[in-house]
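Take a look at the structures listed below.
After this come two complexes, each holding chain A, first together with chain B and then together with chain C.
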Partner chain A sequence: MAHRALGRATPWLLLVLPLLLLFLFLLLPYLLTFYYSTTGATIGRLLNVQQVGLKNFQVVLSSHAPSFLSVVAITAVFTTGTLVGSLALGTGLALALHTVSAGLRSALLAVFLIPWVIAAVIIGYTWRLIYDPAIGLANGALEAFGLAPVDWLTGQVSAIAALIVANVWAGYGIVLLVVSGALANVPPNIILAGQVDGASYGRIVRRVILPAIRPTFLLAGLVALVSGLNTFDLIYAMTRGGPLYQTETVALEMYRLTAQKGNVGQGAAVTVILFTVSLALAVAYVIIWRREARKWS
Partner chain B sequence: MSHRLKALIGTLVILATACSNAAPSVAPSTGASAPPAATQGASAPAAASKLVVWARNYTVEAGKAQPWAPDPKAKLEAAHPGLTIELSGATSGDQFNRIELSQAGAVADKPDIFQLDNIWLGQFVDEGITANLDSYYANWADKGDIVPAYAESTKVKGSQQAVWFYSDIRMMIWSKDVFKKAGLDPEKGPATWDELMADAKAIKDKVPGVNPVEFPASSEESTVDRFYSYLYMTGSNILSADNTKAAFNDAGGQKALQLYVDLVKGGYAPKAVLSETADDIYPHVFSGKTGIMLATVGDGLGSLPDGFDVSKFQSTIGAALPPLCSGCQPATTAGGWMLAINSASQNKDVAWEYISAVTNGANMVPFEVERTRIPVRTTGLAQADAFKADPYFAQEAEAAKVAHFPPFIPKYTSMIEILWTGMQKAINGDLSVKDALDQAAADVDTLLAP
Partner chain C sequence: MELVRFSLGARALRVAGVAFMLAFAVLPLLWVISIALRPASQAIYPISILPSSLTLDNVWGVLFGPTGIGLGPYRNAAFYGLSSAVITAVASTLGGYALARYNMRAGEGLLVVVLALSFLPSASRIVPLFILFSATGLYGTSQGVILAYAAGSTPLGIWLMAGAFRQIPVRLEQAAHIDGAGTVLTMRRVVLPLALPGILVVATLAFIDGWNSFSLPLILIPKDTAQPYTVALQRYIQEIGYGINWPLLAAGSLVALLPVLTAFAILQRRLVRVGGLGGAIRG
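Coming up: the complex of A and B.
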């Protein structure tokens, strides 16, 4: 009897530690963030804080320096650029690697994944140096072609474009990895069939390979999308959201309010907004996924 | 991989990424609410057993000159049998975090003594973290040794709240190579704004591809920190005497910012300064891509690039006090680190005894020489021989006498964001200097309103 009870309890006992860790390091921070978003907590006062209801959300949404609308717009442009760039570069490289021998493919894959394993802050500072108007490589290259130097991180359009390029370089690896894995599972006979029918490689990619990896492509795209949405460290290292808040994204706004201004309540409110948007994306992803899965089954 | 598993993984990745910044780490900040003001300083029990000291990491680095040890530590422990001194170091951000969090209830451990950046002082006083040191200062023989410009700056709300540890000074630097190419005297930097404009014009005309002048104007602290010297020399100030209203938008403040705007408008400084920090510009000067940097942290050898020795440094870079406007007074800005006693410490007397021994001018010099920091004691500044390896110690020692400090207020980090945004609007040409500063001043007044 006792033996059977112990047997039934064993899985739960084994789960206690992981569940506790999950609660402490995942669920509790989530809950605290939601809690703090309705309080007047500051970094110097995290206990016995005043309840302010939804005031933090009201303040954040109506702020004018910078306006939350402009922050959202900048985030949308940056995220879209990151998504498109990462998908294009990651998929393009994966398709190119798919055409070479397995040994060479593994070696090149390892090389192409290097940016993905470097800390974003290091990538940010490296790209900041590349874009340096006086001693940077980017202007050095322009100069070599007789072109005028560009103040890459000063104007809004060039600064956001520069950030997107850096972030794509930092993050295309996950797309490359996921798409490469999916390509390995594409049945070679359908590609051979295309070749026998005389289709070019481009046509085979469009008509055979991409449809075959579509579900994985969707996953890679969503990961790239949310990664773009949450990028903080790289932007902070490169522009700190400036000048004149021209590159301030929601993730930076969250940091600025919480860590620089010490307003934990308002920072948490921005985090909750970001969480809600990400949750909406996750829900959309599940819905689309189910629709795709139904098609495939 | 099954479709369901993929869907699950995808969802988890999205949510985990979304919340990865849910509890951001903390850094210099403001904090208005707090316990009441600091307590009076004479409350030590008969025998302290442990003195906890939270210092900056490089001040306790093994194998390097340390102000804390070995002598001051050994002597204090010998004078108080059973006492142990527990020293720990942290980076700037971590130091701020652990001090703040020790008060917020998030960290059980509390220091007796802590090292603080001068710009944190107002906030810590406001939050009641620092002990009132008036009673200790009253009987302190060494207080007259502190350079007068510094001595008053540790007073907040009329009381002494900290002791200066060591300092750094803002200096103008220039590239001697660029000056030579422009036909200028490489040993003489511009001493006035008129000379600055003339030198900038000469560089622009004769040295293509080089920025005549640069100054940081990006969205971070060095923008305002390097601007203050030019503002102070006009007789202006950042805030009113009682630190409740903006003062930087007066005629002097406008004159100082107009200098920046004129340099950009005249093509002497690139608009790219809007995205440059002081750390970005420094290598431009060393590489001969920029002629003059209006202000940098004059820590001499502490900023030596790889491959530079003292003589190369001296033959490459010139340094002097920031150039003066007509009718202005010499001025520069100082930063640096202080020591304070925790208001909650039970060992305040012993803590003070240790601080007195550590900050003693003679004790500090070896550390300051090795780290090229500026002494805050008259006795330290007088030891020019000890600092002979620092090529610009003489200029730095002169600068210390006319040093000004940023206001030590609780909302300093929020205030400077408003100020640098105003500066950027004027430099970018979005607003006139007056309108940009007036707008910033109005926002600062709102921020500082009770």
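Coming up: the complex of A and C.
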């Protein structure tokens, strides 16, 4: 009897360590953040804090220099650019490699995946070396064509564009990998059927291939969206949100309020906003994922 | 019949597109290497694409020179990354085995929660962990950072290990039991050897995550001597301001790339497969 009781408890015994780890260092911090977002906590005073209700959210949402609206707008532009860029490049490349021999494809995939394992800060420095006005590769190339050099990271438009290019470089590889996997599972017959019907390649891609890989496409898009929203390391390494908050995103604002201004309550409020949006996307992701998994199993 | 028939023009276009993307993928890294290995006197305006001579002075300088960040930050990053890899491997193996082998009513739900957790990116953890660590005294300790890294890598690890264990036939375990092997012996001789490739992939991914981590140590480790290279390089740039020694920074980046690229080269095949499986999970 004792043995059987232990038998039923075995999985839970095995799960004690992993669940404890996840609860203490993944879940609990978020719960604390929700609590702290309603307090007047500062870096110097984290215990016996004063309750302030929703005042932090009010202050954050109505803040100036930078205004929260501009921070949200910059985040939206940066995220959309990253999303569209990595989906387009990743999917385009996956389609181009679709009919290439398996050996060559996996060799190319490995090369395209290299940025995936590189630290985001190092990717930031790499692109700073490219955008540097004096010794950068970008201006070196412009000069070779007889064009005037550009100070890439100081104007708002060029700086955000430069950040997007760097982030697309960091992220398209994973889209390529996932979409390649999905393409390999598209039944060849439906593509051949399209050809027999005389459809052009572009039409086959639009009407047959893309609809067949739609779920994967959606998942890859959600991943790119959430990682775009939460990009911190890369922007910090390249512009630190500057010059003059012109590349400040929500993720950087969250850090600046907490660590630099020491206002933990307001930093927590921004975190709650970002977390809620990310969580909603994560839930959407899981729902889509489970629906697809059920369809295939 | 060919799957897709391209005209000659379309073929040429495709080759050109892939070649352009290869250049896009590789050129930035080649540029880092080109800057890192050239004498500082050649890293000035007007810049030449290829240096006329190569040198390891910058690599030496960043590790041992008076203006470099030293060996310590790399050692710290390796220590945090390896410790997190070990904890992640153990926790993921335990969790993955439980979820794969036991038909718990809560198991399915747990796996979904784990999947959702693995989807949450690290930036939203900066402030929460700072609050938790400040309130509990883990702030500034290496144990704190290591556990934070491990907790971030474990969800994907559990997910991958559950998949790995499901591929090992239960009958092998039953056969070992019938032959008189106890639970410990069965684990050590049958299950774990078969699961080892999966465990290695999980550990490698966790190491790469830890080695690459920047935002968490930036806010959780105030002491200079305990910071990893990611934070040390950032501090170096900030202190120097506009007169950044670019070759030194490039050399520092190059040193940082070596371990991950080596790990990637060795486990590339497996990682690509895992990426296809779990890639959609991990941002």
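The criterion applied here is as follows: the second predicted complex is superposed on the first by the 272 of 297 C-alpha atoms of A that agree within 3 Å, B and C clash if a C-alpha of one lies under 4 Å from a C-alpha of the other, contacts with A are read in each partner's own complex, and residues count from 1 in each chain.
What we mean here is this: a residue touches a chain if its C-beta (ideal position, glycine included) is under 8 Å from a C-beta of that chain, and two chains touch if they have at least 3 such contacts.
Everything quoted here is computed from the prediction, not taken from an experiment.
Peer 1: Should the superposition on chain A be reported as showing a clash between chain B and chain C, or a fit?
Peer 2: clash
Peer 1: Mind working out whether A:251 is in touch with chain B, chain C, both or neither, as first, second, both or neither?
Peer 2: The answer is both, since A:251 touches chain B and chain C.
Peer 1: For the overlaid complexes, name the partner, chain B or chain C, with more touching residues on chain A.
Peer 2: C
Peer 1: Of the two partner chains, chain B (first) and chain C (second), which one does A:153 touch, if any: first, second, both, or neither?
Peer 2: It touches chain B, and chain C stays clear.
Peer 1: After lining up the shared chain so the two structures overlap, which partner does A:135 touch, if you call chain B first and chain C second: first, second, both or neither?
Peer 2: Both partners, chain B and chain C.
Peer 1: So in the superposed three-chain picture, is A:110 touching just chain B, just chain C, both, or none of them (first/second/both/neither)?
Peer 2: second
Peer 1: Could you say whether A:213 touches chain B, chain C, both of them, or neither, answering first, second, both or neither?
Peer 2: The answer is neither, since A:213 touches no partner chain.
Peer 1: If you stack the two complexes on chain A, which partner ends up touching A:18: first (chain B), second (chain C), both, or neither?
Peer 2: second
Peer 1: Check the residue A:74 against both partner chains and state whether it touches chain B (first), chain C (second), both, or neither.
Peer 2: Neither partner.
Peer 1: Looking at A:122, would you say it contacts chain B, chain C, both, or neither? Reply first, second, both or neither.
Peer 2: Second partner only.
Peer 1: So, does A:223 touch the first partner chain B, the second partner chain C, both, or neither?
Peer 2: Both chain B and chain C are touched by A:223.
Peer 1: Going by the overlay, flag which of 277-285, 349-357 or 403-411 in chain B ends up clashing with chain C.
Peer 2: So the stretch of chain B that bumps into chain C is 277-285.
Peer 1: Of the residues on chain A, which ones does chain B touch that chain C also touches?
Peer 2: 26, 29-30, 32-33, 43, 46-47, 132, 134-135, 216, 219, 223, 226-227, 229-230, 232, 251, 254-255, 258-259, 267, 271, 274-275, 278-279, 282, 285-286, 289-290
Peer 1: Give every residue of chain A touching chain B within the complex, in rising order.
Peer 2: Of all residues in chain A, those touching chain B are 26, 29-30, 32-33, 40, 42-47, 65, 128, 132-135, 151-154, 159, 215-216, 219, 222-223, 226-227, 229-230, 232, 239-245, 251, 254-256, 258-263, 267, 271, 274-275, 277-279, 281-282, 285-286, 289-290, 292-293, 296-297.
Peer 1: Flag every residue of chain A that touches chain C in the complex, lowest number first.
Peer 2: Per the touch definition, chain A meets chain C at residues 10-12, 14-15, 17-19, 21-22, 24-30, 32-33, 36, 41, 43, 46-47, 89, 92-93, 96-99, 106, 108-122, 125-127, 129-130, 132, 134-137, 140, 143, 169, 173-174, 177-178, 180-181, 188, 191-192, 195, 201, 204, 216, 219-220, 223-224, 226-227, 229-233, 236-237, 251, 254-255, 258-259, 264, 267-268, 270-271, 274-275, 278-279, 282-283, 285-286, 289-290.
Peer 1: What residues of chain C sit close enough to touch chain A in their complex?
Peer 2: Contacts found on chain C: 1-6, 10, 14, 17-18, 21-22, 24-29, 31-32, 35, 43-47, 49, 87, 90-92, 94-95, 97-99, 101-102, 104, 107, 110, 112, 114-117, 119-132, 134-135, 147-148, 150-152, 154-155, 158, 208, 211-215, 218-219, 230, 233-234, 246, 249-250, 253, 256-257, 260-261, 263-264, 268-269, 271-272, 275-276, 279-283.
Peer 1: For a test of understanding, state which residues of chain B touch chain A in their complex under the given definition.
Peer 2: Touch list, chain B to chain A: 3-4, 6-7, 9-11, 13-34, 100, 103-106, 123, 127, 211, 217-220, 270-272, 274-276, 280, 283-284, 287, 289-290, 413-414, 417-418, 421, 424-425, 428, 430, 443.
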